[in-house]
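Order as written gives the chain letters A, B and C; numbering starts at 1 within each chain.
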Amino acid sequence: MSSRRLIVVLSATIAAACGSAGPSEMFPAADLARMTWSDVTNRARGSTVRYAMWAGDEARNRFYQGPAADALRRDLEITLTIVPLADTSDLVSKLVAEKAAGLDRGSVDLVWINGANFRTAKQAGILWGPFVQALPNLQHFDPVAFRHDFGTSTDGLEAPYEQAQFVIAYDMARIATPPATFAELRSWIHDHPGRFTYPAIPDFTGSSFARHFLLHSGEAPPAAFAEHFDAALYARASRPVIQSLHAMKPYLWRKGETFPATLAELDRLFVNGEIDFSMNYSPTFASDKIARGEFPASVRTFVPDDGTISDYSFLAIPFNAPNPAGALAVINTFMSPSHAIMRAHAMGGLFPLRLEHLSEPDRDAVDALPRGPATLPLATLATRRIQDAYAEYVDRFERDWRTEVLQR
Amino acid sequence: MPAIRAAAPRVLALVAVATCALIPVGTVLVGSVASRWYWPAVIPAEWTLRAWNYVVSGSGGIGGALLTSSGLALVVAALAVALAVPAARVLALHTFRGKRVVLFALLLPMLAPPLAAAMGLHAVFLKAGLADSFTGVVLVHLIPAVPYATLVLTGTFSGFDPDWEAQARTLGASPWSVWTRITLPAIAPGVALAGILAFVVSWSQYVLTLLVGGGRVLTLPLVLVAFQRGGDEAVAAALSIVFVAPVLLLFALTAPLFEDA
Amino acid sequence: MTPTRPRIAAMLLPALLVVIGLFGLGMFEVLQQSVGLGVPVPRESTGPTLSYYAAVLGDREIHASLGLTLWVACISTALSVVCGVGLALGLRHGRRAKRGVHTLLQAPLALPHLVVALATITVFAQSGLLARAAFALGLIDAPAGFPVLVNDSAGIGIILSYAFKEMPFIALVATTLLARRGDGHDEVARTLGASPWQRFRHVTWPFLAPGVGAAGLMIFAYVFSAFETPFLLGQPYPAMLPVVAQQRFMSVDLADRPAAMACALILTAIAAVVVRLYLAAAGPAAGRERPVLF
């Protein structure tokens, strides 16, 4: 580790031990209405922002500790400190406990969050905001797409940041043409017993995979599941889907007697030829793994014609963030075209910004982004995109899957 | 032939021990430099230093985690031994009412699920302002570390003869002299062993550090699990080696102590 | 010169205070939350309730989980004891290799369970190293042809992983005991014409039983409490009890929290029973074992 890095680590540790360093004051979110954006950046200038983020990805860690942090220091004199997390739900549990204990000054300014974690956080009242309306770079994002997160309305408590879309991976050396629709996938599974599986719920990706069958059940178009919960619709749509998932079990890997617990396990089975498909929320995951030597070079991804779920991930500010102004400034920077382009170069992923609002040079830069051999073009992904279901559908479906499919 | 018949079980036993000892380390070592190691290849198709480059570069919090793990384990070991020595002496050399209860109280925290106490202590520490702090994690690591150290030292003290101390005192030695010249040298191997065990207990903790440290006290096991869950097997393997190497070294260097203490 | 009671108490107090104080504080909080107090979950009434315990004890998943955990704990312990004692007996004679063997036996003790679990997957999975060797030898022609040893319904992978680590521990305990005792009794029995099995059953085993039995109880308790190994090597359903408790605790649905606490308390109660049995079994030698269980 270079001595410079060592110094950064040590000073961050000392700073953390002594409390936050630099000018940073807490203020209530309601004050935002009376502040201009330059007020925010003035408060943020020269401060330290602690960003809690999942640390299990090498490229992500390198990017945020390197180019992203450097850019923030250069442009806003902000020091970005990463708080590594093994799982965002750890931080959510911690914040809930902190709120219950009345801890008004926390240790994290910014957190990468989405989905069920956001819902828990919002319900428990542990987020600072609403703040999204104050961010100048919000214009780059499609408002409809981020009004809801996993079916929960965001209410301005989290800002869109990265976008993901569910894709399925296969090996060209083993399968010439993948199934074109989910129905065709189901027939494929019947015709090739033991060659497919998905991670067990409560795994996030496994849950999404199963949920596609609910959204494409035919009872109603996928959009009908997006805004609110209709118990009658759920009952009508879920029953045949759960039954068919249960009927599918004997044709799965290990005759459905067990399911892999994690995506890591699923990928291991895929790579070793025990199953023929893998799946992931990042459209570039296969290209990344090919580059890292974890997938063979013949792996490609596809998205069934009926469409797959696309979700944003978000940035939120804990209720007891010591430096909300800094967090706001960092969030806005992360939503900027320059950061998004830099991030796409470093980490791949789906480019989340609206192309129409970009300047000419930015749009050219996006076009010029390297696309790995296994990554689908943006246009393809955009035309096969459906919105995720309202949170209550997800909960019920997960519970029904565990009792009716897994445990029977 | 009787000589071979006598040797056979020993050879078998040696092979079994070597297997237990070396295979896990061997597979993890190879996994850390393997690339494209799919079925049915028994040896990897390609080799790479990507994982080790990343680990050595220290990014991803690995350097910091190493520092934290070491510092934490050293403090825990020192404290655990300091607390354990008087307690072990009493347990080994004297009988008293309630001894069974004391033993029970020491053994239960060692064998009960660490998750249970950690879940409860997290909430308690929050109110006391100890959550997410190095101090909080030190305290929580002491829960398994002190019983281990006490058990080891109890064994040590049971072979210790307090008459030597009595003799030295009748000859006019001061209590401090007695301690440094008679007692300490006699129990030194046991103290070293207890310290090492306490060190390794702290070094290996996952659940306790995760829950009470809240991710702010980042130790090697936490980083290891994050990478393992993320599916990067090579980096997880390299981190496993970094995780295990100091412990193996400590145990190898102090193997004689296991016999003497 | 026996020290006075207060002096004994003073020497014990620091260690006890730290261990019992912290552990007790933690368990008290767990107890509170398991009856519904102090949890940020919407509830109808405000007093303590046993409803979470009732729900947990009546849960089919918990029953299956408890059964699996008992099975894995018993078999792991038995396997470790049998193989560990066998190992110790096999290594009994032969002075030269003594030190080297002792050192070699430390290695598995030094490996954390997490790493051993990961290695178990690498070696024993259907597409793991053993299977690949079998394929190279022409014994099987696809991963599916290799027996299911990890993520299986009987917990074989979990048992293998635990036995791997705990067998050297038992071997060390047995070796130490045997070394202390020497070969005298065994020699006498042999000159009287006893067979090896008779010598073991009537001379050696009764001597080893208390120490080895006590160490075995420690292993049993540990298997009931550990989380990483069954998470990596087990099935999603039924999962071992520590995994179920952990999953409910980490569940995003905070309503699961009291149930998780109840599970944790039940597990601790089981550990307490085992410790009690251990103290009874080990008798005066209690507390002399040097466990290496991490």
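One rule holds in what follows: a contact is a pair of C-beta atoms (placed from the backbone, for glycine too) under 8 Å apart; a residue touches a chain by one contact, two chains touch by 3 or more.
For clarity, every value in this text was computed on a predicted model and none was experimentally measured.
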- Message: Starting from the defined contact criterion, work out which chains touch subunit A and subunit B both, please.
- Response: C
- Most remote chain, CA-based centroid, reference being subunit B: A
- Query: Once you find the CA centre of subunit A and the CA centre of subunit C, what distance in Å lies between them?
  - Reply: 38
- Task: Go ahead and note the Å separation of the Cα centroids belonging to subunit B and subunit C.
- Result: 16
- Item | Sequence positions of subunit A contacting 2 or more other chains | 87, 90, 100, 268, 272-274
- Note on the structure: Contacts with two or more other chains occur in subunit C at residues 38, 127, 143
- subunit B, residues touching no fewer than two other chains: 39, 123, 225, 228
- Mind listing the subunit C positions that touch subunit A in their complex? 38, 40, 60-61, 125-127, 142-144, 148, 151-153, 231-232, 235-237, 247, 250-254
- subunit B-facing residues of subunit A, complex: 1-2, 5-6, 9, 13, 16-17, 52, 54-58, 61-62, 65-66, 82-87, 90-91, 94, 97-98, 100-101, 103, 107, 262-264, 267-268, 271-274, 292-294, 296
- Task: Could you please specify the touching residues of subunit B with respect to subunit C in the complex?
- Result: 6, 9-10, 12-14, 16-18, 20-25, 27-28, 31, 39-42, 82-84, 86-87, 89-91, 94, 96, 100, 102-121, 123-124, 139-140, 142-144, 146-148, 150-152, 154-155, 158, 162, 166, 193, 197, 200-201, 204, 206-207, 221, 224-225, 228, 236-237, 240, 243-244, 247-248, 250-252, 255-256, 258-259
- Query: Hey, which residues of subunit B end up touching subunit A in the complex?
  - Reply: 35-36, 38-39, 46, 48, 50, 54, 56-64, 67, 122-123, 126-127, 129, 131-132, 134, 210, 214-216, 218, 222-223, 225-235
- Item | List of subunit C residues in touch with subunit B within their complex | 1-3, 5, 8, 10-12, 14-16, 18-20, 22-23, 25-31, 33, 38, 83, 86-87, 89-91, 93-94, 97, 99, 101-112, 114-116, 118-120, 122-123, 127, 129, 131-133, 135-136, 143, 164, 167-168, 171-172, 218, 221-222, 224-228, 242, 245-246, 249, 260-261, 264-265, 267-268, 271-272, 274-276, 278-279, 286-294
